[in-house]
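I have placed the structure first, in the form of structure tokens, so that the comments after it can refer back to it.
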Amino acid sequence: MTQFPVPDVDDLPEDLRERIEAETERAGFTPNVFSAFGYKPSHFRAFFAYHDALVEDAALSREEIEMLVVAVSGVNHCYYCNVAHGALVRIYAKDPLLADQLVANYRTADVSERHRAMLDVAVKLTERPQAFEPADLDRLREVGFDEEEIWDIGSVTAFYNLSNRMASFADMRPNEEFHTMARTPRGED
Amino acid sequence: MTQFPVPDVDDLPEDLRERIEAETERAGFTPNVFSAFGYKPSHFRAFFAYHDALVEDAALSREEIEMLVVAVSGVNHCYYCNVAHGALVRIYAKDPLLADQLVANYRTADVSERHRAMLDVAVKLTERPQAFEPADLDRLREVGFDEEEIWDIGSVTAFYNLSNRMASFADMRPNEEFHTMARTPRGED
Amino acid sequence: MTQFPVPDVDDLPEDLRERIEAETERAGFTPNVFSAFGYKPSHFRAFFAYHDALVEDAALSREEIEMLVVAVSGVNHCYYCNVAHGALVRIYAKDPLLADQLVANYRTADVSERHRAMLDVAVKLTERPQAFEPADLDRLREVGFDEEEIWDIGSVTAFYNLSNRMASFADMRPNEEFHTMARTPRGED
Amino acid sequence: MTQFPVPDVDDLPEDLRERIEAETERAGFTPNVFSAFGYKPSHFRAFFAYHDALVEDAALSREEIEMLVVAVSGVNHCYYCNVAHGALVRIYAKDPLLADQLVANYRTADVSERHRAMLDVAVKLTERPQAFEPADLDRLREVGFDEEEIWDIGSVTAFYNLSNRMASFADMRPNEEFHTMARTPRGED
Amino acid sequence: MTQFPVPDVDDLPEDLRERIEAETERAGFTPNVFSAFGYKPSHFRAFFAYHDALVEDAALSREEIEMLVVAVSGVNHCYYCNVAHGALVRIYAKDPLLADQLVANYRTADVSERHRAMLDVAVKLTERPQAFEPADLDRLREVGFDEEEIWDIGSVTAFYNLSNRMASFADMRPNEEFHTMARTPRGED
Amino acid sequence: MTQFPVPDVDDLPEDLRERIEAETERAGFTPNVFSAFGYKPSHFRAFFAYHDALVEDAALSREEIEMLVVAVSGVNHCYYCNVAHGALVRIYAKDPLLADQLVANYRTADVSERHRAMLDVAVKLTERPQAFEPADLDRLREVGFDEEEIWDIGSVTAFYNLSNRMASFADMRPNEEFHTMARTPRGED
């Protein structure tokens, strides 16, 4: 993050420190978004609590959530989220190509008709929220998403419209590790 | 909210019920956004915790926050936020005209040069996040915002890009009361 | 109007003076658009003659005309017309909420399918006149508008694309009175 | 005009008939816009009265007015106005190439710095009226336009935003004669 | 061309000189695009070899190719191509009005349903290549274009997206002759 | 390529076969763009001859050329070019992160001020060719590009506006190998 100071982890409140240590252990490095939000602890707590609610109390699979994140971040041209969540797409979808497709143009992604409808809705809500209408949800109902899944599609899309803007605003930069993570073709690791 | 069922307050977890009761007491009616987010309690908690962090641990004045909200909601064409936060602008800015100016076109708002810069940055981050660059923050520095105020300008803008999209997605409708609240000219109440 | 001098009514030609006096008597104040166009009497006469032709020799109801005006002014982000014609929508539609819906986003307005088609056509002609095609008129025919009503939908839309631009160009500001006019809920006045 | 019936001239009110006869005599043919507006005589009178006010009580030269019309019609992609007013540009500017430049892209037109500023302002007011601000008028003041000339630049631009939309809405088609009129290079007629 | 020097034909390599002489003989003047690309002979050869492949090994008729060129150049607002290829449309389509229609707005062109589909696809690929999808080709299949014709529609569209950008970049200006060429109505020459 | 048949290499004319064999030997696999253009040999020759002229008779370095290609392909959302030329950026710039930056948002790329100016010009010419003007070239002159380098910046940009559209039109898909090529950090291979 080039636009705001990144505090030393040791200077952060204990709950932040614990979260950062857990994330660092899981990933093998500290994802920069955690260091960046350390700038303002009350916002750190709110941002990650929302994130956790989206992925932990989710009607969607984690693979679906990460596909949404990268399609949204692709049209918002967010470098941090393209790369960091691109790695998560590769991991959760077990597909080394899907993230590059979603970053470039979600219309080229090799996905099911059901997931294509999900991405179309997310991108419309991202690009032209003013044109979004109740009828747009019918497309999701038609391909079989249930009510809570539909709520979650909207919620994940909305949250990453927040997240992309924070990353662009503060100029957050993804860790180098994310660029190469999980790029090995299936089963060849 | 026309797209998802609105649960009965009595059926909600206690912490949600208490929050809704407190809001109802304060406003004299239950703002619909609280009923709407009751659909998914984990998201209710996350959404309002983030909101509370933004307004309670704020480097900006509440008047500035609500001006940002309405300028952002105006360009996103969000009916719920234009009207509900329009009322808050009238209350916190003690100005019966400012909200209608911000809803229509923030460029017509009678605001200081400092606040104009704040709104320009918020609208650019809203409309073209891909074009946002560190240099855009210089405009804020030049009119005297300090570092944490700048962070908060970005954070409020980003959060209402989430909020506007949730309101459009779920078709949330503002309470009738918000349309007329605080419209009496200064001192004539 | 901040960009051009507003002449004293007493210095205007007699026909302008009479019109302004009649409008002042009707409204209880002089709507600023009349003072503004006094800057150039030949344009005052042409502008209000066209306006009068649209509302006096009209196949549409006055309620429909004002709905068109505010939907067009909403997408053109015209502060003057949003507020002044917003008041007229509240009066002619006898609905205290409709104007705020049309200003924010005509897609959220509680209107009939017939009126929704009318507004869709007006907004398309406003936003992308180059993409407008004869086939767009079929939508109006299908919901039952007759030929002269269709002509009038186009004419009102076109005229307020003129009007919005004059207001933005000259920075015309609505009278304070318009902001609060007719906001009382039906039957409670 | 393909979308509304074109009345027989003999069936029109006398004032319209006289105007059409005068225009026919002047041009050698009846420009289709006169036949088209005959559909609704009250609008015919209003439209041409506004037009006449713009060109007869004008602070700008007729050459400047027609340049504005074609630059505006070019960005609005209006076939009727591009061609009919393109002919007028060739006639009033005594330049066989200028109209094709303005239709294609006013930035390529061989015009003075003063006229370039005039066209920049007109195109901005046409394309993004919501972004137009008082400061945009400073550009016109700097290149020497006086106050009434500036008002007229706004008025001509606004009127042809009406006119282009009426032509697109009703699918008005220019007379064949306009395409070739005044195309002979200077002095070779 | 105002942005790069135009070399003297006599100083060019022999193959360029021969091509320019042949073009000059055919047209009666040297089309400026040939002089312009003389700036860099290796690019001259590549540009005209691609052009020649498109028009000489073509599944489309030359009339169809030139219609595509002008529709694409119209939406790209390219003065050079509008005017130079506008002349070619008049010649190959034997229609003095079609080019002005395509330049202004291809939707107003008097063309068959088949050609309208062709132009819709070309303009979509030009304006929003990111939104182009395999399903867009179905429209071409439905109106009867065969596989190689479809490939050529894409290829001509893509090439003039190159050509329009070179003309805008280098500020190439069409020869005066192109503006008036073949404007005489059918059979009256 | 999903939209047109890909011919068997053995069935292609000898000059195409030789080129494909040379490319296959160099890369270790046949880049799909060569197989795709085999569909129409005359276009294969023209496309690669233009490409070769751009990279072989170049005033720019190959690193600069590939940076231009990926920045242009990023804003055009071209999956094929993002991935295939992303690999070339990593190779020629000897930088494993730069391609992901350029694909996501060239404004986040860690490049010199000189290269930033180059990319700004290329993206403007790509996104809004109609707004491109001679003055835009001054930016390139100011950061020290000479005349032929400037011509080449325009030419590479224009050519990849062709190439991106052919890839989107025919739905060309990058080889899997390109996604991972040269991702190892400097010196660690």
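Each chain carries a letter (A, B, C, D, E and F) given by its place in the written order, and its residues are counted from 1.
Keep in mind that, in the parts below, a residue touches a chain if its C-beta (ideal position, glycine included) is under 8 Å from a C-beta of that chain, and two chains touch if they have at least 3 such contacts.
From a predicted model like this one, the values you see are computed outputs, not experimental measurements.
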- Message: By that same contact rule, can you tell me which chains touch subunit B and subunit D alike?
- Response: C, F
- Rotation angle superposing subunit B onto its copy subunit E by C-alpha atoms, nearest 5 degrees: 180
- Message: What's the farthest chain from subunit D if centres are computed as the mean of the Cα atoms?
- Response: A
- subunit D and subunit E have mean C-alpha positions lying a whole-number Å distance apart equal to 29
- Report, in whole Å, the distance between the mean C-alpha point of subunit E and the mean C-alpha point of subunit F. 24
- Item | Mean-CA-position distance for subunit F and subunit B (Å) | 44
- Task: Give the residues of subunit B that touch two or more other chains, as numbers and ranges in rising order.
- Result: 77-78, 105, 130, 133, 171
- Message: By the document's touch definition, which label belongs to this structure's chain graph: line, ring, star, complete, or other?
- Response: other
- Message: Under the stated touch criterion, can you name all the chain pairs that qualify?
- Response: A-B, A-C, A-E, A-F, B-C, B-D, B-F, C-D, C-E, D-E, D-F, E-F
- Query: Any idea which subunit B residues touch subunit C in the complex?
  - Reply: 74, 77-79, 82-83, 96-97, 100-101, 103-105, 108, 171, 173, 176, 179-180, 183-185
- Message: Using the touch definition from the top, list the residues of subunit A that touch subunit B in their complex.
- Response: 2-5, 39-40, 42-43, 45-47, 49-50, 52-54, 56-57, 76-78, 125-126, 129-130, 132-134, 137, 147-148, 151, 154-155, 157-159, 161-166, 168-171
- Item | Complex contacts: residues of subunit A adjacent to subunit E | 105, 107
- Task: Using the touch rule from the top, collect the residues of subunit F that touch subunit D in their complex.
- Result: 130-131, 133
